[in-house]
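Working notes, structure below.
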Amino acid sequence: MVPGTTFVRVCKAVLVATGVSIIGLATASAQTATPPAVAPVKLGIVTFLTGAAAGPFGIPGRNAAEIMIEMINAGKVPEPYATPGLGGAPIETKVLDENGSTANQVTEFRNLVQRDGMHAIVGYISSGNCLAVAPVAEELKALTVLFDCGTPRIFEEKSLKYVFRATPHATMDSVAAARYVVKKYPELTSYSGVNQNYAWGQDSWRDFVAAMKALTPKAKVEKELFPKLFAGEFGAEISALLTAKSPIVHSSFWNGDLESFIVQSGARGLSKESTMVYTAGESAMFRMGSKIPDGSIIGARGQHGVLAPESALNTWFRKVYEDRFGTPPLYPSYHMAQSLLGLKAAWDKAAIKAGKRPTTDEVIAAFENLEFEGPSAKIRMAIGNGHQGISDIAYGTFKYNKAEARPEIVDIVRFPAECVNPPANMTSTAWLEAGMPGAKCN
Amino acid sequence: MITAIAIVTDGLVYAAWLFVVAIGLSLIFGVMKILNVAHGAFYAFGAYISATAIGLYFDRGWPAAGGYVAIGASAIATGLIMGYVLERVFLRRVYGKDEVVVVLVTYALFLILEDVLILIWGAEGKAAYQPYSEAGSIDIGGLAVSLYDIGLVIFAALLAIAAIFAIKKTTFGRLLTAVIYDRETASAFGVDVSRVYTLTFLLGAVLGALGGAITAPKISVSPGLGVEVIVLAFAVVAIGGMGSIEGALLGALIVGLFRACAVHLAPNLELFAIYAVMALVLVFRPHGLFSPALARKI
Amino acid sequence: MSALLSVRDLQKTFGQVVAARDINVDVPVGQTVGIIGANGAGKTTFVNMITGHLKPSGGAIIFEGGAITGLPSRKIMRLGVARSFQVAQLFPTYTVFENLCAAIAIAHSGTSVFSAAVARFVSDRTKGEAETALAHFQIAPYRDALASTLPQGMRKLLDIAMATAGNPRLLLLDEPTSGISLEEKFDLMEVIMAALKARGTTVLFVEHDMEIVRRFADRVLAFYDGTVIADGPPTVALDDPRVAEFITGTLIRAKDGTLKAPTVSHA
Amino acid sequence: MSVRHTLLGALVFAGLAACVPLLPLWLISLITIAMSSGLVVSGLIILWRAGLVPFGQALFFATGAYTVALAGLWLKISDAVVLVILAIVAAALVAAFAGLLLARYREIFFAMLSLALSMILYGLLVKSEALGSTDGINVAQATFFGMKPRGAAYTIAVFWLSLVLVFLAWLSVTAYLGSVAGQMAGAIRDNEIRVEYLGISVTRLIHLKLTIAAALAGAGGALAALSISHVDPQMAYWTTSGGFVFVTILAGAVSVPAAFIGALIFEVIRSIAVAVLPGGWQMILGTVLLVTILFVPNGLGSLIMRKRIAGQGGSK
């Protein structure tokens, strides 16, 4: 073999590969044509379209994005969002799948911003992905609204300028669950937990225990179970809970695992021994119906869906969503809707102030510490230097209405945002460990 | 005491499930030397089609007992059709190539079929709980145990007995044994190896689909459920010894009981209990517990 | 003078089965020794023990004054003992020339894998020695053929040529002419022996064909039931009555209970 | 490898490094990520040639990545070069240890055992709540010889680092493949007994191959960590290993450059697939893999390097 000829080939190959990639990606991204009169705002939407999280979170999130953006563009959202588009400019979207490795997500985030020229990104369900794209968003100076991930670490570990999260973080879910339990069972002596063995499950349980310790120090932890994520089979865990006989069992399970657990524990009568607290139970409520034992405590990561108070915006949102997709919106749909409305509120405010299409920095300035109405609650971007939203939250007790054959939530208790969220100057962990000082619950 | 009962029953239930899932994989590996990643797809399709069949069946309001027949029938149909198509269209082309290349063909098929699932059934989970809920539960030493789960244990035991009997006593079983131990010689003695391959793959596919079908009533059938199963089944088969029915049985029992112990006694270890057992077994028995002695001739 | 190879009281048992017992042999430098015996008499067990494929149950094997008893085969090879196989052990996806290069390059690269990771595979010295071996063993016409495509005789020659890559002082050939037609056997042995003579290698070869043994061996070791029953020049050893009875003759008697042939002879 | 050869290579890499102003930033990041998996794949080629295919190479990839993250977090080391060296050493050490066990296994058992080991690491990482469990942790941006490039400059700096790593990997892997130990890969696959009887230990040869492959995977992990600025347990999961094997098949084991070009092509195909069919990109990848195996069994590299295959082996 002649030395050097390989190199010619390698060079050629590299050039060809690079060329192919540029051409390929350019064609792939050049999906839209004929620009409208006003230059559109290009919005990247990233949510699970495949994989286990697609059904419960990803698709409801995408559906909400689809209907909301359509309505925003048409100016059909009720007041105060009745103006079309973002500051008058129509929204153009590109939807990507969140499934795949973190490296893929970061690469695609860069592609969205640098290759496809997106003006803002709304997305991300997995906390891992949120943590990974946040620094990239800062580096690329790309306005990013995280819509469903729960980890409080995002704004606690570092101060971010370009990243926002209208959806309150997960600490609120656990604290409110604890407060609800203590309110209903003031004499509680012991409780157990069954949570998926990954960050969300571990964090949810840790926060719940910390809140319980502060609220009812005499109650002891009986069993802490951490089945594998997507295990599907919970026979052994249910046996362990049946033998533990704790009055309260906390679970942050969601969809697939949640439904499997409800079915398997139902067949073995776990509800006779324990009352379940499903912090994400709302997502399975309609699909499971009478399978959920009456008396179970149900949360919705906010006061969404059936837990939402009456409002024109909520009624409208439920109607358009149900008309289009045939099912009521789940909390991930609310998360997406409130994220988009937050972005719109900030953008419109900045546009009025600027008198023209606002720059990213102007939108950020408007978004920080913003207060706006979501379909289910007022969101205040009160913590995380004005980048993290807080809202009221509600928990309730499940009851199956046999006469009308539909699930209901009774005994709804609402907790004000300041009652279940740490103050602006404290991290969640520190706040919980200190016994939740400064919580305002009335 | 009640914990001991719980460990044994939970371990057996889990082992039964593992065995049904792993036996098809082990069979295909033993006879064809294919590590079939698409087994996860058989499992997933079995679960989806069974869930659909159960849904249709119970919507008609027919008697509950027939629901169990629907599970079995849908699994067999799924396995036969998928197995036949995959073997004839794809695997046939790569017989005789490196084992690893064949593994990757099945991996590619698995990737494709995962997305096909979503195209057919959407990303929403499918529910088919009736057979599980209808079965009810009984009390064993103070512990409520699902009758469906007990049925699974009995089913797995019958399957194990039938499989061991079939391998040892039937003509097809002997053919399989011949091919497992020495493909070339079996072929030289007039065994139609190609036919044996097709039948084995069909059988393996049916068993994989059956694994999914019997699980469907217990779980929310949702995308991605095949991924977890593959690695679990691999672990069981590696522990037991590739291609051995007895091995798959023992592997399933070991993993099942070990996991149950972990959940009840040391919940934090559950996550890697299976892999630790697998590594440990392989350290002492590099080819699994039941493996034909592989002496190389000089 | 001291022997190149000394075997003292060598024993091998597999469970209850005795495969080798009380073998005592001294092989001086330069000798060509033919090993004969019926199937199961312990010939290959003997070869396998010397080359480290089997660990002896007792006794000692001394090569060039040092004990090699029970060492792993690659260490024994490094000390200057090589062997060929009943079924030629080649690298089927390599060409004949590459097979030889591989053998020679390893011999040059030293004992550790680290030196092997640093040593170049292709060097002028390696190539030169490979060409020489091709010529010596008369396999040059097949130089660039894949080893898997070689005819049986060429496979045997290549196998032996690879064994000689490290210039062993002692070479053990396990049935070099097995699987070769009668007419070709002599030609093949002529080539092998001529090549080995040129290198001054001491040779032990296992052989079933008494004519070959008579023609090429300086000395014959006759094995029966795991031990040496006759040892001497071919003319003497082959005419030994016990050899005639148990090995070369047609009268192989049914054995009594104590004389059980080992079941593993070609492991 | 001749001096001329090496100089030419250096020239090509210098040329690529100088291409930066011509390339959009997103493409630079994409190439960097592709090079990180290319490094892993170049190690897989070493094993692949000996007939060994690990389904757990992510073990070493994740070791490298987490070494970078933790060295930054706990030891406050920020220099990129030091971090990469640490990652390589850590991954090689893990392999030197795991190899005591792994090197005794072949074929599917080798694949399964390496998978088991990587899944144990995955389990440990998921259980480490201090390390963010499945959410993972951010990696602090590295410094380069005291300089602190930020923003676009950082992306370019990491890209240059990736070129240097690829160049070094190319030199060393090519040198290794041309050595006696490297050339024995096919011999091990063909006939282990003969190799032993030539006087060299097959187990030790494989142990060495494993360690080299792990060092490369460690470098790949380090590069990924620096480029993504985030590490999570998914990096140790078996599907990550499967992805590397996928790229190896796609590239073919014919030559080292093929590994990197294959990795780049894979990344491009993936990126196009997610853009074209957001809900079915795995299907596209699966189809590409299937078509490659069925119609280009020696990998895409074989199309580019056809002449080399004909002359492959020791007689060049």
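Letters A, B, C and D mark the chains in the order given here, with residues in each chain numbered from 1 onward.
Keep in mind that, in the parts below, a contact is a pair of C-beta atoms (placed from the backbone, for glycine too) under 8 Å apart; a residue touches a chain by one contact, two chains touch by 3 or more.
Please read these numbers as outputs of a predicted model, since none were measured by experiment.
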Chain whose Cα centroid lies nearest the overall Cα centroid: D
Furthest chain, CA centroid comparison against chain B: C
Whole-Å gap separating chain B and chain D, where each centre is the average of the chain's CA atoms: 33
Centroid distance [mean C-alpha coordinates] between chain D and chain C, Å: 44
Centre-of-Cα separation between chain B and chain A, whole angstrom: 36
For chain B paired with chain C, centre-to-centre distance based on mean C-alpha positions, whole Å: 49
Where chain C touches two or more other chains, by residue: 85, 89
Of all residues in chain A, the ones touching two or more other chains: 49-50, 197
Residues of chain B engaged with two or more neighbouring chains: 114-115, 118, 268, 271, 298
Of all residues in chain A, those that touch chain B in their complex: 48-52, 54-56, 58-59, 197, 223-228, 230-233, 235-237, 239-240, 242-243, 255-260, 263-264, 266-269, 287-288, 291
Of chain C, residues touching chain D in the complex: 51, 72-75, 77-78, 82-83, 85, 89-95, 97-98, 101-103, 105-109, 111-114, 116-122, 144, 162-163, 165-166
Footprint of chain C on chain D - complex, ascending: 176, 178-184, 186-187, 189-191, 193-201, 204-205, 207-208, 313-316
Touching residues on chain D, where the partner in the complex is chain B: 51, 53, 101, 104-105, 107-109, 111-113, 115-117, 119-120, 122-124, 126-127, 193, 238-239, 242, 245-246, 249, 279-283, 285-287, 289-290, 293-294, 297
Touching residues (chain side chain D, partner chain A) in the complex: 1-2, 4-5, 8-9, 12, 15-16, 23-27, 29-31, 33, 36, 126-127, 129, 132-138, 150-151, 154-155, 224, 227-230, 232, 234-235, 240, 243, 255, 257, 261, 264-265, 267-268, 270-272, 274-276, 278-282, 304-305, 307-308, 311, 316
